[in-house]
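Some structures are shown below for you to check.
Two complexes follow with chain A in common, the first pairing it with chain B and the second with chain C.
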Partner chain A sequence: MNAESRPQPLGGAVFTRPVLVLAVFAGIAGLLIVWRFIVGLGASTALNDGYPWGLWIAFDVVTGTALSCGGYSVALLVYILNRGKYHPLIRPALVTSAFGYTIAGLSVVVDIGRPWIAYKLPFFWHWNLNSVLLEVSLCIMTYTVVLWLELSPAFLEWARTSTYSLFRRVGDTGLPVANKSLLWLIALGMLLPTMHQSSLGSLLLLSGPRLHPLWNTTLLPLLFLISCIAMGFGAVVMEGGLSSKFLGRKFETDMLAGLGFAMLPLIGVYLGLRLIDLGIRGQLGALFAFDHYSVMSVIELALFVAAGVLLATDRRRHNAGNLFRAAMLLVLAGALYRFDVFLVAFQPGPNWSYFPSVTEILITSGLVAGELAGYIVLIKLFPIMAGEPQAAAA
Partner chain B sequence: MGISRRSALKVMAAAAATMVGTTLSAHETQAAAVVARPDAVGMLYDATRCIGCKACMVACNEANDVTPDTSASGGLWDMPVDLNEHAKNIIKLYRDPGTGAQSFVKRQCMHCLDPACVGACMLGALQKGEKGIVSYNPDLCVGCRYCEMGCPFNVPKFEWSKAMPKLVKCELCRQRIAKGQEPACCEVCPVGAVIYGKRTDLLADAHQRLARNPGSYVPKVYGEHEAGGTQVLYLAHVDFEKLDLPAYGDESVPRRVRRLQETIYKGFVAPVALYGLFAAVMLRNREKPDSAKTKEGQP
Partner chain C sequence: MRDPLAGSSRVLETIDERLKRCGISRRTFLRFCSSLMIAAPFGLAITNMKTPEAVAQVLGKVIRPPVIWLEFQDCTGCTETLLRTSHPGVDDLILNIISLEYHETLMAGAGTQAEAALAQAMHDYAGKYVCVVEGSIPTRDKGVYMKLAGRPATEVLADVAGKAAAVIAIGSCASWGGIPSADPNPTGAVGVADLLPQKTIVNIPGCPPNPYTLLGVVLQFAESGTLPELDAERRPKFAFDRNIHDQCPRRAHFDAGRFVKQYGDQGHREGWCLYKMGCKGPDTHAGCSTRHFNEIPDVWPIGIGAPCVGCTEKSIAFRVPMFQTVKIHEVTPPDTYAPIYAPQGSISPVATGVAGLIGGALIGAGLMASRKLGSADDTESESKPKKE
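Right after this comes the complex of A and B.
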């Protein structure tokens, strides 16, 4: 890495108005979480025995972690495909990933009914190795730790320049250790998402008999894996667009257009597999049944196609606005696919319905707000973003 | 780094070979189907005999310390509309809108031979216990409700109204069976519409009833094969699907998942191989950083 792209803290005022507004939303979510633990899930959510999993699982966990695949996707690109020019994207992507996974973990604690038992999850003698959810939980817990460890060089670099000698000493001794073990951590940081992002798709195979045929396929894990990598790239492009708009950063058109190019084969393979699978299972006709299942599938597929079309040529990819829109469509497509599998395709019977309660929505949005605030604070204080001497605006 | 490019390539090749190997061998190691254990017990419910008196519901509440569900009766008497946190057992009435033909149906846990809820449960709070009874241990339940997502019969219910909730489902009165008694619903039934016994005996009994009165039954014992077989069996004179007992195939729900998971994760070989592969590729790439930049035409 050359000197000019070495990560630097953005600097500037930390507790700006946007950060404070976001913090208020996070605070409201915090209070509502306390309330949820006092009154129980029935009074605070719209969850029921037909739809035991709702917004918190479908969005915060399943969609949220897929959106947090930036660190994973860019790592695959840089370390496996050896595209070193994307290296400056890694740290910011890892920060969003780390926050996203932390939020997902927090949501799970809020969602599960008996969190005081959860400390037994690492007790391997209790493990049910047939449980896909166990694999997902252990993987996500481990990966969250791995993500923060992958970021440790940023914190240690910061510690080295601290005014406190203790911090300096920690930084000086810790940094070489961190740098040496980084390769093995990063390899783990690519293995774990490969495992749990695919397994998030396998989760609903257990609901097979009650899953609409448009989505009920053994390919669920593969489709989840491919789309999460694409969503990871999409999220990094969106992040680039947003930080150029709100943080006064330069939009790295060339680098991000490269990510746009990387999305294309993923979209192609995803759509190909999806349609071939529907064809083999004789469900292509169900796409045109014009019930709400077919409408949802068609919207989902159309979003993937639209993203692909916007990214199709080199010129389109180098148009910043166009690239940003494509990334947004792709992220939406992947999110809708996940919502469809977890909430639309799942059919517990005609007597059940679910729409998230205000509390559920406020807690989810508060957690996202907290994530954004944390991201802004972190990139201002710590060396995350590639060096670019520019004052932050937000 | 003390690893040469050649040895890195060797590691990669070995890892790739292992991965292909695991995938190919998967076809031979398909998860076996679960069959009923010899001591499996269960219930036989004969809808043609049930008079809908609901004595079984009262007895169930009493035997299992379940508080009655009075929400639909204005706080007066037990009146659940479906299985829920206050009802482990329920009698429902089906009336055909066309013919007017009607039938009661008793719903509770089916005690599957290969239960989806047990496959779902992370720490084994739900397990196939003694005599094949699907039993619940709250000490290992984190309240994730994946069992509810999995159960093809919509049986496990959750105490939504409580701040410290548990899962609620019929456990075939295993505390009574341990004392040599029958499940409360079977003991109290005044007409023998639901009886308790060994699954093999119940199956024989059911087939005998079908043979003796072929005209008064749908010619099938529901639960003999459905969803891989259940320990609670049903006879009825109305289509089972109308009684909310869906026409499931012979394969159990979790078997398909096990087959897939065992293909991918058998012996944890594939994840270890993939980890090795990632590390090896990274080590190799570290030696020739970013050579791709030049030959990379796009982008």
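Right after this comes the complex of A and C.
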């Protein structure tokens, strides 16, 4: 990391109009969450005994954390594959990851039927060690803390330059500690998502025959893991595109095209595993049954293929618009895969149906709006984004 | 040990006396009584008893009723079905339980010998014997279509039945004409009750009827001198009070709307309801659906895949065309069926709309952003040299 690319706060007005609009949505979601706790799940959601997991789990937790794998994916590149040039991407990716995981955790608390006993979760004497959900919840909880700790240098750096002496003292003492422990945090930050992202797949594996054969494979955990890494890259690319568009940042074509290249083998391995698995289980024919299962999985596979095609050549990857579209398709593909597994492929019985209620949709979109607003505020106040060479020179 | 052909007595004797005379042991008799209890469990007076000993006690005192069996315009089917009883067997029935004095199919004698036997029995047991009639009686043209020893059937019937204690009309023909009376009824065939309206007559219709119904009626008459309670058609209620349809083993298929449409189709092979094949079960009263023939399960028309023709109903068999469906008076199959699963969970149209709007907006925004990025890319690459 050279001096020029050292992260810096973006500065500028914090409460701009977009932030305020997003905050309004987040506020609505907040009110609705309060309402949900007052009237209960049955009255406020479309959840039922057949589909106890709805939008909040399928999107906020499963898709949301996969989209928040940017920090994990880029860290894999930088620290495991030793590609230091991608380091500037880590902090912004970590911010979205931290927000995404925080929202996932919050959604779980909103979603569980008996939230008043959620306090038991951190205490090991309450644990059921045979539970996949326990692993997921502990990992997500720990990883959320780890993410914010990984980000702590950004806050401490900011504190050191604060006008208040107390903040300055905290920053001065905390930063060396944070920097020293960063190695361990990074290691944890590698381990935890590997565990729980695959476990999110295992969750539905437990539902056995209630999962449609097109998706019901022991490879579910692996497929979830591979696709979440790809989605993490996709999310980082989209983030880069959007911040270049709306925050006037430079689109780091080279760096992001590199991520695009990294997506290719992931897409290939994912598609290969999917199809070989379907073939081995003799379910390839089910792809062409033209019922809604086959249509959904064909759309899903087509999205992956389309993303792969858009990323296939170096020239295509260096076209910003094209790269952005590919990332979007990939993110959509991964999201659809998760929705398919959790809501479409899961059939509790012929009498059950589910579609999220307006409340659920508004809470979810409000939480995402809150995440966006928080992201904008954070990068304006704290040193998250890598400083642009011109800015540093100025 | 047992000699069923031991000479028949010309005086009335009880079953006990008869068995003793024929050298039948008490054990054999008790075994017979048990078989009666097992095989004929439908309202027989004797099987109200709880033990074979109790049955034996009652049955032993029964005076074997002399029976004269007349056959007119018939197919001998009713006799055939009687021959296929096994509990008791027909030998026990005609030799030990009743005293069959005259039966054209079963007796050894013929011609003058047979006529003599008939005259003898009518003379010896006048007013005490039971007259069983099988087959319809032709009445047109002074009854010339059926003669017995030179006499028309009408005359024989009036003679024999006139001196009988009771008349049992077995089969649909004797009950009300049956097949011979079907349109255009060339012989003017009628049943016994049409000719002897004042006489005590029990109709046991069926084509053929279940032989145990006859056995039950005869035994009750022998034991107590009474006849079972009859319905408006003079059918014993104990055997004809049930509706075939209501007790049908295939009723579930009717209720579920699964019907045979054609012989040999999928539904026919699966044993579905025969209603649409013209089954008269809904209008027919008989015990067939619960008391199958020959003591073998499923041996009855519907059991072997043939629709009920309504042979025990005067107005149905040989009157209503075979494949014509009957009117359902009570429960009709509903047009739609309640689902096995009650639907759970609902999909709000507003929520779908909101989801669509948000999803569409996101994808649209993404595409717009990508397009702008694409154009920015171009302008940037153009403007880059200027900046540097």
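Operating definition for what follows: the second predicted complex is superposed on the first by the 388 of 394 C-alpha atoms of A that agree within 3 Å, B and C clash if a C-alpha of one lies under 4 Å from a C-alpha of the other, contacts with A are read in each partner's own complex, and residues count from 1 in each chain.
Everything below uses one rule, namely that a contact is a pair of C-beta atoms (placed from the backbone, for glycine too) under 8 Å apart; a residue touches a chain by one contact, two chains touch by 3 or more.
What you are looking at is a predicted structure, and each value in this text was computed from that prediction instead of being measured.
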Chain B versus chain C as contact partner of A:49, first or second or both or neither: both
Partner chain in contact with A:365 - chain B first, chain C second, else both or neither: second
A:165 touches, of chain B and chain C: first, second, both or neither? neither
Partner chain in contact with A:80 - chain B first, chain C second, else both or neither: first
Chain B versus chain C as contact partner of A:241, first or second or both or neither: second
Chain B versus chain C as contact partner of A:324, first or second or both or neither: second
Chain C versus chain B, contacts on chain A by residue: B
Partner chain in contact with A:354 - chain B first, chain C second, else both or neither: second
On chain A, the residue positions that both chain B and chain C contact, one per complex: 48-50, 349, 351
Complex contact set, residues of chain C against chain A: 339, 341-348, 350-352, 354-355, 358, 363, 366-367, 369-377, 380
Chain B partner contacts - residues on chain A that touch it in the complex: 37-43, 47-50, 52-53, 79-85, 111-115, 117-118, 120-121, 123, 126-128, 130-135, 137, 183-184, 186-188, 190-191, 194-195, 198, 202-210, 218, 221, 254, 257-258, 260-261, 314, 317, 346, 348-349, 351
Chain C-touching residues of chain A, taken from the complex the two chains share: 46, 48-51, 238, 241-242, 244-245, 251, 253, 319-322, 324-325, 328, 332, 349-358, 360-362, 365
Touching residues on chain B, where the partner in the complex is chain A: 82-84, 116, 118-124, 138-146, 148-150, 152, 154, 157-166, 227, 244, 246, 248, 253-254, 256-258, 260-261, 264-265, 271, 274-275, 278-279, 281-283, 285-286, 288-293, 296, 298-299
